[in-house]
Structure formats: C-alpha cells, structure tokens
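Right, I'll just put the structure down here and ask away after.
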Amino acid sequence: MKNVRLGMPKDRVDTVIDGVFAIVLTLLVLELKVPEGLSLQQLPGHLLELAPKFEVYAAAFTCVAIGWMSHYFFASVIIRTDFTHVALNMLQLLFISLVPFTAALLGSYIDSPVALAFFGLSAAAYALVGTLNWWHCTRGHHLTHHALSDTLVRDLTVALCAYTGGWFLTVALGFVSPRVGLGSAIVVLIVSFMLMLVMQPRIAAAQAEAESAPDFEAEQDALQVA
Amino acid sequence: MKNVRLGMPKDRVDTVIDGVFAIVLTLLVLELKVPEGLSLQQLPGHLLELAPKFEVYAAAFTCVAIGWMSHYFFASVIIRTDFTHVALNMLQLLFISLVPFTAALLGSYIDSPVALAFFGLSAAAYALVGTLNWWHCTRGHHLTHHALSDTLVRDLTVALCAYTGGWFLTVALGFVSPRVGLGSAIVVLIVSFMLMLVMQPRIAAAQAEAESAPDFEAEQDALQVA
Amino acid sequence: MKNVRLGMPKDRVDTVIDGVFAIVLTLLVLELKVPEGLSLQQLPGHLLELAPKFEVYAAAFTCVAIGWMSHYFFASVIIRTDFTHVALNMLQLLFISLVPFTAALLGSYIDSPVALAFFGLSAAAYALVGTLNWWHCTRGHHLTHHALSDTLVRDLTVALCAYTGGWFLTVALGFVSPRVGLGSAIVVLIVSFMLMLVMQPRIAAAQAEAESAPDFEAEQDALQVA
Amino acid sequence: MKNVRLGMPKDRVDTVIDGVFAIVLTLLVLELKVPEGLSLQQLPGHLLELAPKFEVYAAAFTCVAIGWMSHYFFASVIIRTDFTHVALNMLQLLFISLVPFTAALLGSYIDSPVALAFFGLSAAAYALVGTLNWWHCTRGHHLTHHALSDTLVRDLTVALCAYTGGWFLTVALGFVSPRVGLGSAIVVLIVSFMLMLVMQPRIAAAQAEAESAPDFEAEQDALQVA
C-alpha cells in the first residue's frame, strides 16, 4: 500500500499520450494529396492510381489505432505513476511519433525490406519499451491496484512479449522475402487485435473487482488528488 | 447492472476522439494559402478569387462540427466502454480523419460527382459505423444507464439511420446531377442540425433523471475509477 | 435550479476547445521557415531578415493566447451546457481556426488595410459570437451557478462588448491609415489583457462564494455525471 | 488558506499545456522527409545520409519530453491557478512552440553558434519564465497545498535556477566553440534528467502527506469545482 501512496496521480500522462496518438492518427492523411488541374474526365483515373496510398493510410491508421487501444487497456489497471513510468512512456511516444515517417517510407517502397525494417523496428521498439514499462508497473503491484490478480498480470505480460517478438520476426522475415514480411505484419496486427478482444473483458472484470475491494475508497481518494 | 459493472470507464476514449476532431477542425485551414508577392492593389482581387476556398472551408468545418456535436450528444448517455465500442470508435475516427482530404478534393472539383462521392461516402461510412456503435451500446442498456428510456433510444436510432441514409442518397443524387447532390448535402446538414436541436433537451432530461435514480451513487462510484 | 439540471455536463466542450486553441498556437510556428543552403557567415544576416516574421509570430500567438485566457476565465463560471452553447462555441472555433491564415496574410501584407480587415474581422466575429454566447449562458443564470452576482455578470458583459467594439473600430481605422489600425489592434490587446487582470480575482471570488453556497453539493453531484 | 480559496481550479491550464507539448512532440517528425524516386538499391544509402536528421529528431524530442516531464512534476504540487500563473504559462508555451523551428535550424547548421544560440535561448527563456512562475506559485504557499514543506520548495527552486543557468552557459560556450556548446547542452539535459529522477519521489511523498493532512477534504472539494 505504501508504494501506491508514493506514486503520483497519472491523469496528465494519459492526456499527453492521447494527444500524441490523436495527432499521429490525423497526420497520416497528409500523405494523401489532391491531384491538381485535372478535367472531370481525368479525375476518376487519377484517384484510382491513389489506391496504394489509401491502403497504406488504412494500414498505418490500423497500426496506430491498435497501439492506442492496447495502451488504453493495459494502462487502465495502472492507477499511479512514478519517474520511471513517465520516462518510459515518453520513450514510447518517440517511437509512435515516427510512424508518419515510417508509414510514408513503406508506402513509397513497399517492396523494400529496409523500408519494412524501419516500420517494423519502430513498432518493435515501441512494444519492447511498453513491455518493460508494464513489468515496472506491475512487479509487486508497484503502480497497480493491489487486488489485481497475478494470473492476469502474467497473461498480459505473455501477450506483450509475443507482440514484441512478432515485430522482430516480421523484420527478419522481410529480409528473406518482402512479401512474407508484409504478410507477417498483417498476421501480427490481426493476432494482437484478437488478443485484445479476449483480454479486455478480463481487464474490465479485474477493475470491477478492485472497485468493490474493501480499501477501495481510500485509494480512490488518493487517486482524485490529481 | 452486471453489464454496466463489466464495462470500463470511457474517459480516455472521449479524449482521443475530441483530440482527433480538434485537429481535423484545425487542419482544414491549411487549404487556405496566402497569395505571395502581390502589390497592395492586387491583393483584394486575389483574395476575392479565394472565395470558393472559403466556402469549402466553412462547409467542411460545419460538417466536422456537426459530427462532433452529434458524437458528444449521443455519447453523453453512454457511461461505460468495452472492446467493441472502442474498436468501432477507432473505425469512425478513420473516416473523420479523411475529411481534410475529401474536403480539399471536393473544393478543387466541385462539379465532379466522383469528388462528391468521396466526400459523401466517408460521411456515410462514419454515420453507418456510428449507428452500429449506438446499437451495440444501447441494446439491453449494455453500456448506458439502465434508467435510459426505450423511447429515447428508439428515436435517436431513427435519427441516426435517417442521417446515414441521407448521405448515401446524396452520393446517388450526385451522379444524377452534381448540383442536386450538393443541395442534398446541405439539406442533410440542416436537417441533422435541427434534429440535434430537438433531441438535446430530451437527452439532457434523461441524464438528469438518471442522476436522481436510486442506485445512481453506486454507478457513479464505478464511473470515477477511471 | 431546473435550468441547471436540464443543462448537460460540459467537460468535452472544454476539451475540444482547448485542443483547437493548442493546435492553433502551435501551427503558427510553421510560418517560420529555416533558410536552406547558407554558409555559416551568411546565416546571421538571413535570420535578421526573418525579424518581421518573428514579430507577427509573437503578435498572433499573443492574440490567440489572450483569446484562450478570456475563454478560460469566462467559461469558468459556466457550469453546464446546452445545444445553443455548444453550437455557438463551434462557431467561435471556426473563427479561431482562421487565425493561422489571417496572421500569415497580415504578416505578408502588413501595410494593407484589407489584410488587417481579414485579421480584425475574424477577431471581431469571434468576440461577437462569444458575447452572444455569454448572454445566452448568463440570462436568468441559465447555465451558471445561481449564486453568481448580477453585478459581475454585467461588468463582464460590458468588457466583452468593449472588446468586440474595439476590433470593429480597429478594422475601420485601418482603412483610414494602416499604421493607426495596427496601433489600435495593439491597444485592444493591451486593454483586454488589463481587463482580465482586474476581472480574474472577482471571478475567482465568485467561484469560491458559489462553492460555499448551501445547495452547492447537489449541483456538484449533477456536475460530476460527465 | 484564503489565497488557496481565491485561486481558480487549474485543469484547463494543464489541458492546453499538454496539448501544445503533444503537438510539438509530433510536429518534429515533419523534418524527416521520405526520399522520392529511388531504386531499392539506392534506398539504404540515402537513408544512411538521413542519420544526422534522426539525431536532431531524437535530441529535440528528448528536450521537449524533459520539458514536459519537469512541467508535470513541478505543476503537480500547484493545486490552484490565478491570472499571473496562467499568463506566465502562456508565455512558456510561446517558447516551447518555437522548438520545431529552432530544432530544424540547429539540425541544418549544427556548427553554427548562432543556431545553437537560437535553440539555447528559447530553452533558457522557457526555463526563466518557468522559474518566475514557480516562485509566484510557491511564495507564501500562494497556489500550493499549505502543507508543502519549505525545504522541498527551496530545493526545487535551486534545481530550476541551475537548469536556467545551464542553458545561458550553453549559449555562451557555443560562441567559444560550437562543439563545447553542444556538449554543454547534452550535459544540461542529462543533469536535469537526473535531478528529476531524484526529486520525483520527494514530490510524490509531499503529495501523499498533503493528502492525509486534516483539512485536505475541504481543499479537495474546492478543487473539484472545475
């Protein structure tokens, strides 16, 4: 309980993270440029040529959206913050902020293993720092509610490690064959989406359980000092 | 009541949505470019030529503002979140983030039914996913206060379906005649504005009623865990 | 008290407004371009030539910052929202979002009364809609705490009207002489800054008084439903 | 206690500050441009040439992230706001918003003492205004919890003065030798990071102590009026 007390309220950490994610999600559209000076007859053909740009837009948006969703779900059991938690979150934002660049690079050089490596390594670095951050927050219930079950923590840790490993594997496969690498990236996204679908009700249940724990009121008061 | 308990607090969902809307509202101005290197005599004439760009700016801003207002009013009766609610919200943001592109496209090719179709279809897709999301949240009072009346839910569902249908109709009419399509878009915006004007007091009254419901305190506690 | 109950919590309105202001404040820097390809000897001279751009940056930033501060102080006595309040706030954001364009225009054509008119009229329109909004919120204590004194409301209304009139006067004076118009703009900014300095403690005192009013707890409960 | 009562809730101040920091953190990536029209063989070489741009990106991101972290830690003991606090925060944002320009300038002219002076002076100005703001908030516990210890306030004041002085020293050293100036900037960043690491637990402990102080409930009520 002492640890929880010594942590700080974390509302502003979430605000700045949500802000960066919102901006990255919105900056991706700047890669879609309106073709200028065409006749009405030429327009449909030129828009059709933009199709690959739309695909990259949708894929990058999905990546960042999944990144935000996982941050939201995992962070919802973390109720306080400290220096290390804040610093690691900032490091995660550094890699998320790179996505408009790495997505544009991959969009222009879709067959290049180097471009896929840039995209995959920034995703892997984000995931790796996120895993470290999760480990820091949860060991000894350092920054979580003390009623959070060890089973849930362990399962979420396994999920994070698998996600991180998936991105490193994607980069490696890209150097074997760019197509296989892209396929691996899609598999990583689908699997992580499915994992969140399965995990979210367990996280929500853990929160509800913590809410009804006997010393909840006291911790809640501390939380509201923000 | 069990469902409400198992949902998660939704504050960060609203934060990231408000962030994306705020950025889209502000990015629209980047389409207005200051003419360079003119004499003071030439300036007024060139600014007059920018009039159509200002019209598109005002129209796109109105569209996005109405989108945000409707999200705000509808979401105000949704008090918890779950995986599906979050995922559908992310999908809605994908279509909202496209507006700076589709608005610029329509601004450059105002007579093109294809440009109107891009604008209208992204608005229709946003509305369609929003309708699905609303249906998901309200069925069985899944994520709303249990005191929310079925009549209000039904009326708001009808309004959402009409709004969605209006955008699909607009796209179809645009292929008959671009002018008729643009007129239809304006009618959709005016009608949806009027609908919100009528519905907002009923939503506020429903909230006030829910606030004074006997088990309100308990749900409120759960809500503040965020 | 019935009116207050029927209003809705306004937290998301403030979030989207703060978001738009934050983005406008940050977009202004995009007008400052790094000169490319100079030698180390040439750099200082070229940076010196950028001085007028820095002045416009600082002036536009000050304008927007004063706009945000006044919104913050005035809105702090408004505790609920309704359709009209939200819609007028959206209209205010439309004019605030224009500032990156009108500031860049004025920066490029500092001697043009037309450029000053664009800048001044968007500021005046923002102020005019803000005055209407304030009148809507405060008449009959519609959306404010009922303990808010009529004297304070009246004095703040007078300040808003003076600010709005000041911008219209600035535009008119600009057509007499651009220099006089710019001087008038600076006077408007300094006076409004001084007015806020004088008014803020009275607003804070009114809030503190409202906090200790007997039925405060009940209204507060309503407020937290957000 | 009277002073605390007369201050206003400060939640929106933090929101707009977090918004500006989030946007500045994200705008930095716009300096990284995807090379166009290269063959797959040429791409790795050209990306290697971008290495200095990545270094500037990482350095500028670190600067802004440290700026946000220090704002977050220092502001967490400030529980109310007034006119001066808001106005000085706006002035701090003016200097933070300049970072995308000063970072790009330093990235293009890494050997120029003038470019380092632009970067260093905006950092120094931010730190200087921040120090004034801290002094304003803490003297007589004007806007802090009255249980905040004088020792902690003094130690944090010393840290802020050292940070401010470090940036002025960096600018001066840059004119002696650009390399020495860059080295000094790195030392300032590392030292300030270490200082926050040491100070954060003391700030968190002070907050926890304040939370359990006897009249905490009353102040907390006042705080929640936001």
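We call the chains A, B, C and D, going by the order they appear; numbering starts again at 1 in every chain.
The criterion applied here is as follows: a residue touches a chain if its C-beta (ideal position, glycine included) is under 8 Å from a C-beta of that chain, and two chains touch if they have at least 3 such contacts.
Chain identities (UniProt): A, B, C, D = Putative membrane protein.
This structure is a prediction, so every number in the text was calculated from the model and none was measured.
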### Summary
Overlap of the chain B (Putative membrane protein) and chain D (Putative membrane protein) neighbour lists contains A, C
### Task
Can you grab the rotation angle between chain B (Putative membrane protein) and chain C (Putative membrane protein)? Superpose on CA, round to the nearest 5°.
90
### Task
Note whether the interface between chain A (Putative membrane protein) and chain B (Putative membrane protein) is symmetric in residue numbering, meaning over half of all numbers used appear on both sides, and answer same or different.
different
### Query
So how far apart, in whole Å, are chain A (Putative membrane protein) and chain D (Putative membrane protein) when each is placed at the average of its C-alpha atoms?
25
### Separation of chain A (Putative membrane protein) from chain C (Putative membrane protein), taking each centre as the mean of its C-alpha atoms, in whole Å
35
## Note on the structure
So chain C (Putative membrane protein) residues touching two or more other chains come to 15, 19, 22-23, 224
### Query
Taking the complex as given, what residues does chain A (Putative membrane protein) use to touch chain D (Putative membrane protein)?
5-9, 12-13, 15-16, 19-20, 22-24, 27, 82-83, 86-87, 90, 93-94, 97-98, 100-101, 104-105, 108-109, 111-112, 114-115, 118, 221-222, 224-225
## Note on the structure
Counting only contacts in the complex, chain C (Putative membrane protein) reaches chain D (Putative membrane protein) at residues 14-15, 18-19, 21-23, 25-26, 28-30, 32, 34, 36, 38, 40, 43-44, 47, 58, 61, 65, 68-69, 72, 76, 193, 196-197, 200-201, 203-205, 207-208, 210-211, 220, 224
